[in-house]
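Okay, so subunit A shows up in both of these, paired with subunit B first and subunit C after.
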Partner chain A sequence: MTSFTGITAVANATNEMAMFKQAMKEVAAHPEWMSSRQIERQRWNPYSMEGGSTCAISGENFAIVASDTRMTQNDINILTRDAEKIQILNDNIILTTSGFYGDVLQLKKVLQSRLHKYRFDYRSDMSVDLCAELLSRNLYYRRFFPYYTGAILAGIDEHGKGAVFSYDPIGCIERLGYSASGAAEPMIIPFLDCQIGHVTLSEGYERPELTLDRAISLMKDSFRGAAEREISTGDKIHLVIAEAGKPVVVKFLPLRED
Partner chain B sequence: MWGETFDDFENDEGEMAMAKQNLIAEPARADFTFAKLPLGIQPVDFMKTHFAETAGKSMQFRKGTTTLAFVYEPATPADKGGIIVAVDSRASSGEYISSKSVMKILDIGDRMVATMAGGAADCQFWTRIVAKYCTLYELREKTSITVSAASKYFANTLYGYRGQGLSVGSMVAGYDKKGPQIFKVDSEGDRCQLKVCSVGSGSLNAYGILDNHYKPKMTDDEARKLGLRAIMHATYRDSGSGGVCNLCHITPTEKIRLPPMDVSKLWYEFADELGRDITYNPVE
Partner chain C sequence: MNAHDEVQRTLNPTCTGTSVIALQYKTGVVVLTDRVVSYGKMARYKNVSRQYKVNDNVLIAFGGDHADFHWLQNVIERQVLLWKRFDQDIGPKALHGYLTSLLYAKRCKMNPVWNTLVVAGVEEEEKNNKETSTPFIGVITQKGCAYQVKHIATGLGAFLLNQAVEDEWRKKGEDLSREEAEAVLRKSLELTLYHDCVADNEFEIGRVDATEGVVLGKEEKIIGDWSIAETNCQYE
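The block that comes next holds the complex of A and B.
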């Protein structure tokens, strides 16, 4: 019998400790001295979501980047039909971001100033690999107050090959062949997995080569497909084409406007 | 102090000594702090509101993993022994698989790796910081750092950010003068040395296989297969893990990275080995 009471005592002690911890946590989050106004501020929301999607594909000697130009409020109200979310940072680095437009602009400004400083210090343009690491670190520096953005960095690397880097909001970096971010990411990626990654094709079948023309038409298809089924994507495709040894080309293509 | 070179102190010996001292000392960026939220806003609550399940799919951080590592001794003189580190390659944001090809074995030095579980960005960033520390240590002390010291620095750094919402579950594995060692480090500041270790959402499944088949003495082939098998079974039963299996073998002399293996193909391979059909067919 004694052992039973012993176990109960231990269980009680553990329970009490758990309750104490919970109470401590609550008090730390909402101390007694806090006014209701201060507690209200805890739910402070500095972000808004302006929707839209962006996508990038890299090939042997090119990288293409596209995004739609719609900006929405609460996914419903269309604020503008020509918001540009792609920034051409230099001849071989293109940044494209979706998410909170204020952070999109801030991120662009931060990278532009760092690239400017690099140009001043080293007398040459930064390469896309370096810029990718730079962006990753700058995103992480805001770990406790993140940029509300899904960023993709694309461009031509030092070897003349196309490069695409994908990020999460706090700077988890990965180099990929193609990537998408934003509202229509779960629609665009499976399409590209099928067409470029050939993940659904069993072995022994012919895999079409990824040429620039094919990449561009796949990009158009994926945005047209997304605009059919996703409310915050539409209006125009802002398409940027970077080819090794050639100037960057910018194009605007029409999309559904409804 | 930044941008100082020896040319700036040509003749003055005292000044030169001072400059050397400055340059030898590790450049500590004590002034650096992360951008903070305004006063009175709890970072953990703030993250929960804006970047957890309630947020849009694209705004959730990448996470989810099975990682494992174990130490073994060579069974025959022909084998090398050492450490096997095996990981899956899935990163999920909520229910969406945001990447199926993440490299979760990160280099710390020539002889050391760290695995990545928990928040992907947290692991990538802090592993870089540890790698920098190890390189500077090596330059300063003219001897390579021990796994124990590196993992302790890692744990201490993470402990400094305890309660602020970091999420790291890492294994620092490597070979040093004391032999093969694995340290498990996490964002709560925990650090412990283990022989057989697994971290992540699929760790229970991996432990099941590891505990069943692990022997202190194995051939290289056996050991690599055990790593693959444990990861494969973990990915089969844990929806948070999947993709390919990346494997790294740290031997007393080198670090061998094996080519990635698709886990769905591994399943068929191992089924062949067991000599049974892959699906469960009740006897009629």
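The block that comes next holds the complex of A and C.
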């Protein structure tokens, strides 16, 4: 009889110890004095924002893409004045991204390797429509730990027309005439809405046709305007021009550096 | 994620190094770090080098958690040995790419390497042709954000020095000599010493040169001008 109670006592003690340890773990993870919001705030944030803006405009037989080359830390400190945010994936696909630069690099690497594999398998370059769908799938694949990027894919499609595809961070896709993303997006979009979309122009006014030259000057204007007002946009415009049947042209234009 | 995991990840750095300052000159790169590792605000370990020679072409300097960098040194060493098996020396660009992927992968597992790395070096192929030789400085943050620069100050130095170093670099550009570059770095360290409370006055300047290869610096010391302290009334 006595030995039997002894065993239960030991069993009770080990059980109590285990419960005590469990309670200690729980209280360390969710201290009672901290609200869930405070715990959330203390958690390490895997994202950082490097600022900058990008924009793309498509026309009848061309697509132009531009981005600034500034990379900032906390919006107040310039890390570098010549960061690359535009990737020319092949002769008719251009990817431009803003947001978290680590994800931008990863996304570029993933797409490049997929395009490389496509070339290996099919002996031809991928078309921009296919790549647009591929990018959308790749973004949605990381639905619950997203690439924090505002991506724009531009290029010349199979019919020789300019194409711009705009994305949100989790892969929602839309083919548009023009698009912008990044810090100065709220400034560039209304300007292009007015100049290209003519959404606020009353009837009877002249609506100039969108030629390549006009698109380029609008692009320059929108970035110069953005650089005046938005602190994480500046230094240089990285301008990429794709025209049907012509090689891709890359230009760098100065912007304000303060 | 439960409580037990927290202690196995660097979500709070313990012993840390502060700024790294690096500058490209005509034929190479000079890198300045101070020689202290702090525990919070306390100068816990003195006479600790924060630079690591990978091989004759590559030098790495770090800011951030010291223990994580020790772990990285081990990983880098293994990578160097892997390249050796194919009779090759790892170059700065390759190592920069490798570490970018590594840090990004660790970030995605929510287990970051708490370091800001500065990879400095010269490519072996370019060393033979002095005309096209371009020195390399690559920076990687703990979240896997990587970029190349001509001049850099990390940590608190990013806020204090980036502009000062950039202005100096722009005066001469690519023609900056080694002595001039080192003078810029010494001046910069003096500025961090005044403004960054965990910066130290004992430092070293390492360099990677196209002809000499990696030369680790000797310990140096500056005092600075503290005459203004006499007029400061905020302290006893």
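Note that in this section the second predicted complex is superposed on the first by the 216 of 258 C-alpha atoms of A that agree within 3 Å, B and C clash if a C-alpha of one lies under 4 Å from a C-alpha of the other, contacts with A are read in each partner's own complex, and residues count from 1 in each chain.
We take it that a residue touches a chain if its C-beta (ideal position, glycine included) is under 8 Å from a C-beta of that chain, and two chains touch if they have at least 3 such contacts.
Everything quoted here is computed from the prediction, not taken from an experiment.
Trainee: Determine, under the contact definition given at the top, whether A:Thr80 touches first (subunit B), second (subunit C), both, or neither.
Mentor: In the superposition, A:Thr80 contacts subunit C only.
Trainee: Subunit B or subunit C: which reaches more residues on subunit A?
Mentor: On the superposition, B touches more of the residues of subunit A.
Trainee: For A:Glu174, is the partner it touches subunit B (first), subunit C (second), both, or none of the two (neither)?
Mentor: After superposition on chain A, A:Glu174 lies in contact with subunit B alone.
Trainee: Taking the superposition as given, does A:Phe145 touch the first partner, subunit B, the second, subunit C, both, or neither?
Mentor: After superposition on chain A, A:Phe145 lies in contact with both partners, subunit B and subunit C.
Trainee: Name the contact category of A:Glu50: first (subunit B only), second (subunit C only), both, or neither.
Mentor: The answer is second: A:Glu50 touches subunit C but not subunit B.
Trainee: Thinking of the overlay built on chain A, is A:Arg137 touched by subunit B (first), by subunit C (second), by both, or by neither?
Mentor: A:Arg137: touches subunit B, not subunit C.
Trainee: Is A:Ser166 contacted by the first partner subunit B, the second partner subunit C, both or neither?
Mentor: first
Trainee: After the superposition on A, what does A:Gly102 contact: first (subunit B), second (subunit C), both or neither?
Mentor: So A:Gly102 only meets subunit C here.
Trainee: Scan A:Phe191 for contacts with subunit B and subunit C and give back first, second, both or neither.
Mentor: After superposition on chain A, A:Phe191 lies in contact with neither partner.
Trainee: Please indicate which partner A:Ala183 is in contact with in the superposed arrangement: first for subunit B, second for subunit C, both, or neither.
Mentor: first
Trainee: Looking at subunit A, which of its residues have contacts with both subunit B and subunit C?
Mentor: After superposing on chain A, subunit A residues 28-29, 43-44, 47, 145 contact both subunit B and subunit C.
Trainee: Residue numbers of subunit A touching subunit B in their complex, please.
Mentor: Interface residues on the subunit A side: 28-29, 38, 41-45, 47, 49, 98-99, 136-137, 139-146, 148, 150, 166, 168-174, 176, 181-183, 185-186.
Trainee: In the complex formed with subunit A, which residues of subunit C make contact?
Mentor: Result: residues 2-4, 6, 11, 100, 104, 107-108, 110, 112, 139, 141, 143-149, 158-159, 162 of subunit C touch subunit A.
Trainee: Given the complex with subunit C, which residues does subunit A contribute to the contact?
Mentor: 25-26, 28-29, 43-44, 46-48, 50, 71, 73, 77-80, 83, 100-102, 105-106, 145
Trainee: Please give the residue numbers of subunit B that touch subunit A in the complex, ascending.
Mentor: Per the touch definition, subunit B meets subunit A at residues 34-38, 40-43, 45-47, 49-51, 56-62, 91, 93, 96, 98-99, 101-103, 119-122, 124-125, 164-166.
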